[in-house]
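Structures follow.
First chain A sits with chain B, and in the next complex the same chain sits with chain C.
The block that comes next holds the complex of A and B.
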């Protein structure tokens, strides 16, 4: 095994090109180091193009190499992409959050990756570049190829940045997670929501739940239910029911019963959505 | 018994003698220099591995080891037929080094190999062919006790490894006369001590079959005798040397005898040192967890809250082999009876064999499992009688001078004070909205006398080195709980020295005094007393030698030797004077502490321990009614462990014990898929992380115990006892309904709230 540290994007792409698929991009390693045997690695965590959080033509541009700790502590993400800050605060454990990156969380493609769940709810797009230097853009939810399997090919492609619409007036997002312990525990269910209100009516909504499928899953029926509605107490009960009805979950000896997990899907979807609406209402008032 | 003083959170003062000492290996541990069993390497060392049964229950038809011998680097392959395979055990002899014609759980040891490296040993295991004929298996202990159940051991019919029927007073009459009877059934899973270092050992032997086992044990002298008997080696040929112990929590009292026996056999066969160690997965699946328990309990009370009687029907799950499970079952089924004044008691306890991982012992010996049941039941009664749970406990709690239902003699006890202080600390009388509050008490033996009634005490030697420093030789064990720190402190207090001038020599059965080991809270109470006596003896010897040297009477005070004519002598001068005069001897103080014998009749009535420690814990929790999610906000622990010898070590014990108790109550527990341990990893066997630990506070109510050294009593085990009861009662208070099965998971709490259903 060899370990190369790329000083620039150009150098990283050159290594990918030369190695012809026999190398793996690494940025943090909290998932990758568990794999055996380890392939040759090219460390991109100091490539400037994947670092930092900035604004880019009205969008929030978040480097794929930003660690969960950095994202959770970022004032911009906290105020304009709350769901992502909340998700990054809950990933793994403090040690994992200090090392692991948002991009890595997505490329590892675990079904309940907290940051990915939030990014899907926020409608985030990923910006990628391949060893030949050509770049592409894709919605985060479209990058899942299957269980723990990503369309991002870490042997020939580098995930550079995420583009997220900042939550402005009438917009809000939130993330919820339910796990049996405060650290080092996969969630039984996690959920994130985004809403845009106009005159108290929901005119755009995304509700995401995991782990129910290989990828974070949009609750399409639930979104339909609330779209065009004025959120009030009467709707939340229906949200719980609809959310639990439109997914299929399984129980397991190690985690919880199927019945209880359905219940949690409903509760967490409701809580995420309700919190996102509250935040949107607050912003409307401001 | 007068309560002398309360020690607050930050108190480092108020104890007689010199400054506290952290213990001899603390710095080595925190700097990574300490050598643990898993670190050990000897020249020419081989690696041993075990072939394990994939079946819960099967007949072994044939074992073909030819392929294993053919693997390069393999030096020995053992099966049951190739060794003496003598039965051994701790309470009952139901085990053999290797399974013979039958395997009884998934993981049962079938063959062992030694090879030049781990890889070759692994390949050799793959090359062994075993034909099994699967047999029906039984996993549920209650089912195992049924008439038609599959039998595990012919010599223990009905799958009963141990049982006990016990009656004190007239429980039948008491239940008839009661104003209130409450009852419930409780279920507690097996738990693993989860010490940080998985068990490892290196056995080495010489041409004369002198066997040395390098492994860290809580009771090496007892293990040495078991190994000597099982291998039919003279005792003088077996020596155990302990590296630093990476945690024990009761799990390393006798550790993993299988591993020690197999590495010894492989070493005797090859003549080379053989290292064996358990992986973390093996620790869970073939290591030795504590028994699971099903407890059915009834309590009879008077209207005014007076406890009249208690009845318990207890089934404990032994797994396939027994080890200390009978002792644990006994403590689980009896000790809690001494916590309150309960005149009439009936207990039926049965330990059932099942085709699951064998069990052994764990901190507090199941006393915390009984606490969960009995303290839950007391709160049920309090609710029915509309009496404050604190007041109900204060009305009935054991007090100094009591002789309990089973004959325990309570010489010092501040339980009532502990209860009141814990309640005050948690805000019992000033509750926050939307929070639940619970309180619970605990008792634990401190210095058991009944492990071996003939050998119930301890001894120690204190030697004056030529440089004037003191070395204490002890057979007691420190696995992080602070025994050696406490011992240096105790010897230093006697001699008037700084604790840093007292070194502890330990963990070598050839040299150190023999001991029952680190269990039953005997270290400070019994071992510490022996150190105190050895130091006193040494002091006397020093004064005699110094007087002889000076030609006039010399007294040793506050570490100084002063002659009648006010001349100061140096300790090193006296040491060397004696050394030269005797041509090489050193001043050697001996201490033996033999506690008063226990009058223990055939019903088990009698005083079983030197003394008893007490505690009360109170918890403040919050429950999310929509999901059952539990947040434990705070636990307040108040302890009567007599005089606190080392406040820093005591604080560590309290925080660690509370955290482990929290794990026991809310997170941990074996999950079985038939006979397979389903959560055999640290990812799935969930212990609390640092992020899960609630606010913890504590204080000590110090009593002067007449038996312990300077009035000290044990702390390490009792600290876990009250945690499950306190949290369970707080959860019931917050949720409005009670969970009777541990651990208290969110799903269980939610189902208790919703009446069993999961709404959707």
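The block that comes next holds the complex of A and C.
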């Protein structure tokens, strides 16, 4: 077992290459470090390429190594990717948010990872580079291989950054979550939504709910329902019904009953969508 | 397990240790530096009693591999006590306030609580009750309850402000 701290991307990729798959990338470590037995680790948390939040050709470029604390406190994310700031604020505890990174939140691939749910709603793309130095781009929602299993291969590639379209005029996003406690509590259900309005009509929408499948799940029927609609009181009740009807959930002794989870899916999908629309309308007026 | 040299700063002093880098910072502190004020609770980042400051931020030392602290600054409850001692007191004003407000019962969560509160007051010298509650939201206490702890932190903030002013 070994632990190598990479000072540069070049060095990190070199280690991945030399180890030929017998090594695992580690960032904040709050999830990975609990897994036993530990493989050889290469720590990328100080690689400059995965840090910081900046603008890149009109997109927000958010480093995969940005911690939940940094993302939640970032003025840019708070104002132009609200769902992500709200989600990051709710992860674990202050201690976990100080270490855990949003990239790790995705690669760990827990079904209801708050930051990942928000990133899917925001239509985020992930930027990755592999040990041979070739890079690729993928939508965050396409990176789930199964339950707690990611298509990001931590033994041969590094997740560098997320690209998110900043919420400008007529756009808005929101994140909602329900858990038994305010902190250190996994969500019974969480939800995130994004909308783009044109002349008060919804012309683009993403509504995401979790955990209902191994990956954060787009509510396709609900999205179809509201697309092209003028948001108003009459559609919110339909949203709640449609959202709860299009998923299949299970109850668990640990979390809550099946009935309660269906109820939460409807309520949280409606609230997230409604909040995203409110924000989009506010931006239109300005 | 291969051991390697880890150099970092602990409670203001330079430290160098030959250790397994996958050992947790918690165990490094307790077994190699005899800094046993930092407690081991759940060992999975849920109880917060192992909280220390890593480069000024509260972290669960049970979730930090020792290799990660290379070149970084670690502050433990012993360092906080010493900060008080350097000012001619027995302990830090935060610790004093915990005693006076009855915020300590069995005491097992206390070092972690103090560290989380210390991190808060360093960034925000006059926090609101909500901000105190959020700052200690990653620390579980199963006996005294949180009310006295919240009061102790608010009171300490006041005392520390007065001393500065």
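Miscellaneous remarks
By our rule, the second predicted complex is superposed on the first by the 286 of 286 C-alpha atoms of A that agree within 3 Å, B and C clash if a C-alpha of one lies under 4 Å from a C-alpha of the other, contacts with A are read in each partner's own complex, and residues count from 1 in each chain.
In this text, contacts are C-beta pairs under 8 Å (C-beta built on N, C-alpha and C of every residue); 3 or more make two chains touch, one makes a residue touch a chain.
Please read all numbers here as calculations on a predicted model, not as lab measurements.
Superposition of the two structures on chain A leads chain B and chain C into a clash. Contact with chain C, but none with chain B, is seen for A:45 once the two complexes are overlaid on the shared chain.
Of the two partner chains placed around the shared chain by superposition, chain C is the only one that A:92 touches, whereas chain B remains out of contact. When the shared chain is aligned, chain B comes close enough to touch A:260, but chain C does not. In the superposition on chain A, A:34 contacts chain C only, with no contact to chain B. Once the two complexes are overlaid on the shared chain, A:241 sits against chain B while remaining clear of chain C.
Residue contacts after overlaying the shared chain place A:178 against chain B, while chain C stays out of touching range. In the overlay built on the shared chain, the residue A:2 is in contact with chain C alone; chain B does not reach it. Contacts of A:139 after superposition: neither chain B nor chain C is touched. Contacts of A:69 after superposition on the shared chain: chain C is touched, whereas chain B is not.
Superposing on chain A, the segment of chain C with clashing C-alpha atoms against chain B, chosen from 6-14, 42-50, 60-68 or 96-104, turns out to be 96-104. Overlap of the chain B and chain C interfaces on chain A: residues 93-94, 182-184. Within the complex formed with chain A, the residues of chain C that make contact are 1-2, 4, 20-22, 24, 44-46, 48, 51, 54, 57-60, 63-68, 70, 116, 119, 134-135, 137-140. Chain B contributes residues 626-627, 629, 667, 671, 673, 678-679, 683-684, 686, 688-692, 745-747, 750-751, 758-760 to its touches with chain A in the complex. Residues of chain A touching chain B in their complex: 93-94, 178, 180-185, 240-241, 244-245, 253-254, 256-257, 259-260, 262-264, 266-267. On the chain A side of its complex with chain C, the touching residues are 1-5, 26, 29-30, 33-34, 38, 41, 43, 45, 69, 92-96, 98-99, 182-184.
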